[in-house]
Amino acid sequence: MSTPVASTTTSPVRLRAVDAPGQPDVTPELEELYRGFERELLVPLWTEIGDLMPAHPRSSAVPHLWRWDNLRALAAQAGDLVPVGRGGERRAIALANPALGGRPFATPTLWAAIQYLMPGEDAPEHRHTQHAFRFVVEGSGVWTVVGGDPVPMRRGDFLPQAGWNWHAHHNGTTEPMAWIDGLDIPYQYLTESQFFEFGREELSDAERTTPDRSRSERLWGHPGLRPLSVGEVGPGTPLLAYKWEFTDRALSDQLAMEQEGHGGTVEPGHAAVRYVDPATGGDVLPTLRTEFHRIARGAETAPVRETGSSVYQVFDGAGTVTVGEKTWSVTRGDLFVVPSWQPLSVRSEASGDDSDSGALDLFRFSDSPVFEALKLNRTSTDHREGTSR
Amino acid sequence: MSTPVASTTTSPVRLRAVDAPGQPDVTPELEELYRGFERELLVPLWTEIGDLMPAHPRSSAVPHLWRWDNLRALAAQAGDLVPVGRGGERRAIALANPALGGRPFATPTLWAAIQYLMPGEDAPEHRHTQHAFRFVVEGSGVWTVVGGDPVPMRRGDFLPQAGWNWHAHHNGTTEPMAWIDGLDIPYQYLTESQFFEFGREELSDAERTTPDRSRSERLWGHPGLRPLSVGEVGPGTPLLAYKWEFTDRALSDQLAMEQEGHGGTVEPGHAAVRYVDPATGGDVLPTLRTEFHRIARGAETAPVRETGSSVYQVFDGAGTVTVGEKTWSVTRGDLFVVPSWQPLSVRSEASGDDSDSGALDLFRFSDSPVFEALKLNRTSTDHREGTSR
Amino acid sequence: MSTPVASTTTSPVRLRAVDAPGQPDVTPELEELYRGFERELLVPLWTEIGDLMPAHPRSSAVPHLWRWDNLRALAAQAGDLVPVGRGGERRAIALANPALGGRPFATPTLWAAIQYLMPGEDAPEHRHTQHAFRFVVEGSGVWTVVGGDPVPMRRGDFLPQAGWNWHAHHNGTTEPMAWIDGLDIPYQYLTESQFFEFGREELSDAERTTPDRSRSERLWGHPGLRPLSVGEVGPGTPLLAYKWEFTDRALSDQLAMEQEGHGGTVEPGHAAVRYVDPATGGDVLPTLRTEFHRIARGAETAPVRETGSSVYQVFDGAGTVTVGEKTWSVTRGDLFVVPSWQPLSVRSEASGDDSDSGALDLFRFSDSPVFEALKLNRTSTDHREGTSR
Amino acid sequence: MSTPVASTTTSPVRLRAVDAPGQPDVTPELEELYRGFERELLVPLWTEIGDLMPAHPRSSAVPHLWRWDNLRALAAQAGDLVPVGRGGERRAIALANPALGGRPFATPTLWAAIQYLMPGEDAPEHRHTQHAFRFVVEGSGVWTVVGGDPVPMRRGDFLPQAGWNWHAHHNGTTEPMAWIDGLDIPYQYLTESQFFEFGREELSDAERTTPDRSRSERLWGHPGLRPLSVGEVGPGTPLLAYKWEFTDRALSDQLAMEQEGHGGTVEPGHAAVRYVDPATGGDVLPTLRTEFHRIARGAETAPVRETGSSVYQVFDGAGTVTVGEKTWSVTRGDLFVVPSWQPLSVRSEASGDDSDSGALDLFRFSDSPVFEALKLNRTSTDHREGTSR
């Protein structure tokens, strides 16, 4: 057995000669070899392989829950104290996974934030390669203006925003409004592929109008119908709003079919839809998958592991969520993260309020399209898989 | 103007209230807001946006050059001092970009290492989801055994190894041998998608034989011909060796065609081929692009920027390489990295030795397939692009 | 100049020695050569090239119009006289293009028929590789049962039926009903790829029920939403009914957007949608494209030529249609064919009845997916293209 | 039972009222109905369904064999008597399947012809959307000039020619030369998608030069290597010649691997390769599949049925071929056709000449890509499948 050897160089590389199985005793020659590695900016595999090439994914992130009430209260405070405008661009406050060093990353690849806009405020126009969406858990009255097309935002609506489209926000009401932003900021940060441009300083009057449906919905929001006037689109969906009424009905239909004995659900009591690009049937955004899950009162989902990470927001109902070793009671608006390869299961529980349907409604987004595009996706419903090494 | 406010919490989040344009003076209320962010594990966008969403990619890596002579000398020392075997798995020593905190990452997504095997040694069998390849700049005599198929390695040969294939190495000669390993270890580490399994402890006698061509080459190594006995393959190429004689001839053909007035080169004096999967015509590995470039004596390439990063190794000849602000003279075996969006240009220069062709031969690998799969790829031949923000 | 030479053999090949430019005088030797060709079942290119390889497509079909009133009257007569049952399978009466030798082919690749079902009748279950759809120009009350899923049929509904699905029809009302069948029967006949199987003799009671929406619509009929409970589907759309209300609204939306100055139409006054597979965004059937066009009152479409052929049915309104040299006044239910590379233009005209919207509504189906899959598609808006040879 | 009723109209439609199962007795009313169908150009399904929608494909073509010696002799005669030049374009003589009405169609979709060029002759430049290839069973000396690139033709070489490329032939030797042309002429004729243009009247001197390798081979003929100077290509392969030496070696490699116990063959003694587009790994032409099969001496292939049709040419060796009910002894150059869904098996037999390898070498082309693109492909190794209806 040997003593660790401290580096004496100024290289950023710092090596200890013994951090690996089957390594020899530390001799002066071996020490000299490691100092040579440091000097030449080299790192041996044999001391790193356990961390770099584990038997299965061991996420650097941890499961964590954020309470909606706390988020909204802080966002409202920010609404009073912090202006929104050019430079800062958005009054958005991001979830920072406690194991990711204080960075504003919900998971290693996903950004999730609460955004808050005061009455009459505009968030200025810009565009970026980062793919984004908005999901509305409460309130209404803000319009997102995408390429000149004003899109209303109401509870339950999902608004994807493919990269490199100009967009701004406008609150035309007398109330503040909060919603959730999801983006692939961490992913593009890590892979270093981001571009950003400022847009116009002011929206036009026409863009501050408040049509009930956006132009994108009038072109693309009809089931199974593609407008012939539009040629190639994308990457990313041309449909800028997925209205709550359709999502709600699709989920109700699945649960009703299950009750009639015709299947339709993922597992008993678990209805789910994926938001898709009507031009391709694929994910709405190249790097982000978005889904909505409804767990009927009393139902429980089987634990599932997946490569890649997810963020969930409780849209309605109440229940218990288990991610790896963590279990939480959740209620409307709460957000939680599922790191890569951590098993997730969810139970729907009756809330005190008997007037509701009792179903637990969950919005989800994940980085799954990245893994599928690169053939790196794996899913397991076996708790024991990959736990040995 | 305001004074920065130090955090007093134990949260990993540490915020300063003023790091953004257009921010208000620091008041007790604002301070309280930021402490609330820290407590709830939240980070505002407005203090981070400049770093997270830059006008164009600003790589966390820097251009750097490693000299082959130094690498080989240290690898030979390791051959004497450090055993290769189960646990450490490979005598591979990785390039550590000086700006990446001492991690064994050549760039944020790419791993590049020199591997060294002593006479008679075996590197034990394993498999992993990380995609890998070997490129041989000098020597011969090692066989890589992939799924029971022994593949010889000689100077100039390129040997891709798609993820999750069993593989081992065997040096059947009386000389040590060194080569380059390239993998997507950092990419899979950051996205947390890695699996790994140990294989058999010993190769069979049949696997230690030394056929001139691997079985994969006998099935897949004929131009424009696909074996009907093989159904769906991949992800990743089924051809396990791309022999130097073919690469060399393809490059010579391009330069000859250019001289005859028939084009064929990328730009004057610059021949180049991409290694491709014969079953798809696409990149050999889902996450790694590999190419070979030949710059005729005296020719110079136009500067190009690309999203994503590359590692180059000089295979032959001599020249000058400019990456961003850095310029180096390079010669056989030298390795250098090109971070995302840094312009690269290369000039071929006559070496002292007049016996050679004078061409500068460069092997390259990059993470381009990731960007193309996700539609995040951009290329610019304009020096000024994206420099403003 | 030479005299044609009659064949004296019994070979099916019959050749005349002089049917080509630049041919020599007919000598005994030349005659002997042609008799040799016949004997050996050979045909020279030089006498056939003008027909086989024309400068542009010259369809063997001709433009033709069928009047709905005549079709329906004959179908009703057939309802009285001809039973529907096993063996004949369907009371379907097909359009026979007058230039296709009396075969039941509307065009060389497309089948179009009126089908008629009496009160209480069933058309027996079968399946076939031919892709099919139904389109309803009037009436309601019939259910198509596809794989056990009863799908109602009402005016304006479009019901695609991908190959190899079991299906039957059931008229549960007290009125007869007529609709249009479209299939790729001629295409599969020419390429010889058809399979066919008889199904059960009787539908179950559950399949004779009359839900308002089919199960396929409850799973797949929500805009931009994909059910997670269903894995890979197809070839062919999983959505079995495209209801009139959605088609109508999509077309109205386009014309309204045009009037607001926001585009949305194919050309002025011409709204159009394609029926698409929600799982892929592509055509509903691998060999058939289906569309709906609305020409606003007074509008006229620019002439267009396309490779491949189409069948149109007037759904509503009145107008004038020009196909090549033919021009017809058309009204509800009328069917016409557009052969390959014949220019088509349509004008919408006010009917006598001022109560309607005045728009001319046209359902269309074509073989375009075949040409696109094989990269043989061409479109021209230039009347003169390809007319020279 | 009823008496057939003759038509009295001048419509191309001719109907007999009783040609279907379950039809009623012929009454005056029924007769009137059928006359109405004829008058309106309508044909009922129930009299046609057995022919149009059979239980499995029943080809209108029949198996047939053409002897090479006869073809070559007639082609040589044509060389003496019939000039080649503008208008007739090519001295090509096509196989006419005896069941296809004397049309120059080897099968309903495939054209196969022997082409013959005298010493010093040119076949003039043209282009067409029809996809084409040349395969050389004997001789050498002709160059095909494709887009200005002269491509030599020698025994065993395969030369694909994607649609809409300019091409001409030039015989620079003092001997006549014959080869086989394969095209999709019948397919494009039936689907009516053909375009054709005349090219220049004369080749340039540079195009009459005789390089050993074409420029396309120098760019694309290196295994697993793609030239970076070329962007998007196709549809159809950019490689204009697949040389015999590579095909021969690939087949020998497969048989050798089989003998070593490593598989590699389709079935015992049966090696086979598909010619593929190096840019995609797919078929060389959008509508034509081309393959080379080697049956070792004494081996026999298992019977296989496929949707779609094939033409085979014996390249070398001798054997017995069975297609449906027909069996032939075949030898070098002989051509035979396999209609859709007819089972094929082949036995290799020692020829009298003991000096050869005894293997039976077969070139094949088929319309399989059409069926695969449209998901209409089926294969069966079960003799009994689909024989019942």
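The chains carry the letters A, B, C and D, assigned in the order they are written, with residues numbered from 1 in each.
Definition applied: contacts are C-beta pairs under 8 Å (C-beta built on N, C-alpha and C of every residue); 3 or more make two chains touch, one makes a residue touch a chain.
What you see is a predicted model, and the numbers here were worked out from it, not measured in a lab.
Listed here as common contacts of chain A and chain B: no chain.
Centroid analysis (C-alpha atoms only) places C farthest from chain B. Centre to centre, using the average C-alpha position, chain B and chain C are separated by 53 Å.
One inter-chain figure worth recording: chain A and chain C are separated by 45 Å, centre to centre, where each centre is the mean of the chain's CA atoms. With centres defined as mean CA coordinates, chain D is found 29 Å away from chain C.
Within chain A, not a single residue touches two or more of the remaining chains. Taken as a graph of touching chains, this assembly forms a single closed ring in which every chain touches exactly two others. Within the complex formed with chain A, the chain C residues making contact are 215, 218-229, 237, 239, 242, 246-247, 249-250, 253-254, 256-257, 262-266, 271-281, 284, 291. Considering their complex, residues 11-14, 20-24, 27, 29-30, 32-33, 36-37, 40-49, 52-60, 64, 66, 70-71, 74, 77-78, 80-83, 85-104, 108-109, 113, 128-130, 163, 185, 187-197, 234-235, 286-287, 307-309, 339-341, 367, 369-371, 373-378, 386, 389 of chain A touch chain B.
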